[in-house]
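Read the structure below first, then the notes.
Which chain is which? They are A, B, C and D, in the order written, and residues in each are numbered from 1.
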Amino acid sequence: MTGPLIPMGVIPETWNNVIALIIGIGFGFALEASGFSSSRKIMGTFFGYDFVVLRVFFTAAITAMSGIIYFDFMGWMDASMLYINPYYVSSAITGGLVMGAGFALGGFCPGTSFCGVAIGKIDAMIFSAGLFVGIFIFSEIYPLFEKMYNSGNLGGAMIYDMLGLSKGVFAFLLIIVAIGMFYAATFVEKKVKKVDY
Amino acid sequence: MNKNYIFLTILAVVIGLGILIMPETKHDNQIKPVDLLIAIDDPSRFLSTDVITDRLVKKDPTLLLIDVRTASQFNSFSIPGAINIPLDSILARSTAEIMGNKDLDKVFYSNADVTSDQAWIINKRLGYKAIYVLQGGVNKWFNTIVINEIPADTEPVEIIELYQFRKGACQYFFGNNETGSVKESNAAPKKAVVITKKATGASAGGGC
Amino acid sequence: MKNNKRDGTFYINPYLGGILLGLVLFATYYITGRGLGASGAVKSTVVTAVHAVAPSHAEESGYYSKFLSDDASPMNNWLVFEVLGVIIGGFISGTIYGRLKLKVEHSPKITDKRRLIAAASGGLLFGIGSQLARGCTSGAALSGMAVLSASGIITMMAIFGSAYLFSWIFKKLWI
Amino acid sequence: MNELNKTLRLTIAVVAIALVFVIGLLTFQKPEVEYKLTPDVALSHLTDVNLMVNVEQAQEIIRQNDANMIFIDVRNPISFGRDHIEKAINIPLRELLDKSSLKLLRSLNEKGKTMVIYGETPQQASGAWMMLQQTGFQNTKMLNGSYTELGSKSDKTAAMFSETPMIDMEALKTLTSAAPVTEVQNTPSAKKTVIPAKVETSKGGGC
């Protein structure tokens, strides 16, 4: 049984929505149980009192990455069939910068805000409402961004290709860097004054 | 610090080392040798001359005949509507565009089965779909469609019908000696060209 | 111990949470061949809503029309069901750990109103940014990192870099 | 931060994941056969005359009884049982890449034997030969002819399989010249129109 299952036709497309719901439940549970439903806990990463975002984010990325690489090697999964988001240089960076500002103001990102909504955080609900409005505004003023949105398309570029490394070397470095960051985070947490939330 | 974290760090580094020493898997669309052998052993890739002729006469736009013989052989005689891709240029980039067109049934032919089948095997290995071989090649096509002996009246109905079909197809391609044949013979190959053009248009569209 | 679990302050080990999230992400890739996402669901909803209210406007607009096709409604989208699942999953976890409570969470130094205004503007910016970058933290950054795509890692660095910068500017909102 | 001190479930999870990887790697087997030639090289071998054996050469090999030349019969066992070249080894086409066949072929390869593949038709031999060539058996040749040809010198039905053009141009001429004169002129012109179509194809493909 080689994955990805739906593109390979192992699971019919009609199951798509059911699978989406189940995966969403897992996603929501993992986020909420780690504390991503609390904006103050999330913001701890940026002030150094609680690095939960850094830990969860990098552990998740490394787990999924190793899984994909190992499964690909063992022939259980065809990594070349995975969808790679196209890389548009300027719009990715600008979008990231705008999102960072939104992160600092709102204290949520879209996924975590839905988690906050689920447990009754009013600020999360307002954040989600803002999300709708933001996307609506973007769509309305899209002609202004159109040029930037479509410029500098590098397609489904891979980071290790851009850096001139092999996939294995980059993945290994990522794991080492992440472990280093985890230790640094623990160190910083001890130094920074605890914040009650 | 919790001792477990040291253990977990080591475990994570070991997993990372595994990734580091793992050779990168190559992803091409080539089918596995074992699957290729199964495909070679499966005769369903062979289409009979009558089937192909029927589709040619019906101007099937999804049919693309590919002549893998040399250009000189192609120019001296070829099945109407075919395009010429000699075997040695079967891996050229322009060929890949045609092969990648999923809407076309690509049928290789040569004088007999051998060269066309070799072209088929190479393309099958590269993972192309909807590729076939004309069974018997031009020789058989010529000797069944162009040259056909009138069966005796005592033959079964099927054989007589087959003869009539072949005779009709032959007249469609090359005209006959009855009056009014000039126009017909002129028109038929031209139409065959139209089929090819449609096909190429489709392949260009798919490639772009 | 059991009391502790129910009082709303219990969180699982963040590394365990990360592994759970990573397994969910891996399962998503293994089953569907695509990553997770959240902002895409909002986009689908917005597109559907605009299309329902002003169909001609949606069809003429350069952006909406990208996501409108004749046969399938954009609402019938993988991500919409996934986000519904996120809400259900969050609710389950909130129930287990006793965190279900209607409240506005903010620093004691600011008022509810200020927190809500900040949240609304944050959501707005996130909405705009996620469309520009073709995905949000989960869709572009996390899923992109799992497959080591350039867009994922660049977007992740841009988000966290600018969030570090802006969080010091808006420090008063948080501590 | 007391959640950081609870590591039992985390350890179990990480160990479980690592175990999946380890089990996967332990059960991982390299495929028995892999392509050793790129498609381009394989294609170039198709036109290599040194890798072909025609009927006369094959008959010569049989006469000389050269110990370094081994005939591989890829026909089905029934045909092989009925009649086959002396000392030929029967490996039916579908079993060509089976473990036992590969073992045999590899041992022959190591001994430096040249294997001549023959089948019912040259097309059958060609398929088996191409398979072996591409999977790294360089010491293989194909019989460019059918098995029945080996026995008799001129077998008309067997010649049907060979790649020599058998188009009776005379018949074609009589077919077209039987029609009025104008048509004779028309037919070549009609053929010419086929050629531009070919040119256009390469254009379209290159786009």
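In this section, a residue touches a chain if its C-beta (ideal position, glycine included) is under 8 Å from a C-beta of that chain, and two chains touch if they have at least 3 such contacts.
Nothing here was measured: the structure is a model prediction, and the numbers come from that model.
*Asks:* Going by the touch criterion at the top, tell me which pair is linked by more C-beta contacts: C-D or A-B.
*Replies:* A-B
*Asks:* Which chain's mean C-alpha position is the greatest distance from subunit D's?
*Replies:* C
*Asks:* Could you state the distance in Å from the CA-based centre of subunit C to that of subunit D?
*Replies:* So the centre of subunit C lies 54 Å away from the centre of subunit D.
*Asks:* Roughly how many whole angstrom separate the Cα centroids of subunit B and subunit C?
*Replies:* One centre to the other, that is 49 Å.
*Asks:* Counting in whole Å, what is the centre-to-centre distance of subunit A and subunit B, each centre being its mean C-alpha position?
*Replies:* Using C-alpha averages as centres, the distance is 46 Å.
*Asks:* From the C-alpha centre of subunit A to that of subunit C, how far is it in Å?
*Replies:* 9
*Asks:* Note the residues in subunit A that touch 2 or more other chains, in rising order.
*Replies:* 62-63, 66-67, 70-71, 73, 75, 79, 167, 171, 186
*Asks:* Residues of subunit C that touch two or more other chains: which are they?
*Replies:* Each of 11-12, 14-15, 19-20, 23 in subunit C touches at least two other chains.
*Asks:* Using the touch definition from the top, which residues of subunit B touch two or more other chains?
*Replies:* 8, 12, 15, 18
*Asks:* State the interface residues of subunit C toward subunit A in the complex, per the touch definition above.
*Replies:* Spelled out, the residues of subunit C in touch with subunit A are 11-12, 14-15, 17-36, 38-39, 42-43, 45-47, 50, 61-64, 76, 78-94, 96-97, 99-107, 115-116, 118-171, 173-175.
*Asks:* Residues of subunit D touching subunit C in their complex?
*Replies:* The contact residues of subunit D facing subunit C are 3-4, 6-7, 9-10, 13-14, 17.
*Asks:* Write out the stretch or stretches of subunit B touching subunit A in their complex.
*Replies:* Interface residues on subunit B, with respect to subunit A: 1, 9, 12-13, 15-25, 27.
*Asks:* For the complex, which residues does subunit B have touching subunit D?
*Replies:* Subunit B reaches subunit D through residues 2, 4-5, 7-8, 11-12, 14-15, 18, 30, 32-34, 36-38, 40-41, 73-78, 80-84, 87-88, 90-91, 93-98, 110-115, 117-118, 121-122, 125-126, 136, 138-140, 142-143, 146-147, 170, 174-177, 181-182, 185-186, 188-190, 192-193, 196-197, 199-201, 203-204, 207-208.
*Asks:* If you look only at subunit D, which of its residues touch subunit A in the complex?
*Replies:* Subunit D reaches subunit A through residues 1, 4, 17, 21, 24-25, 28.
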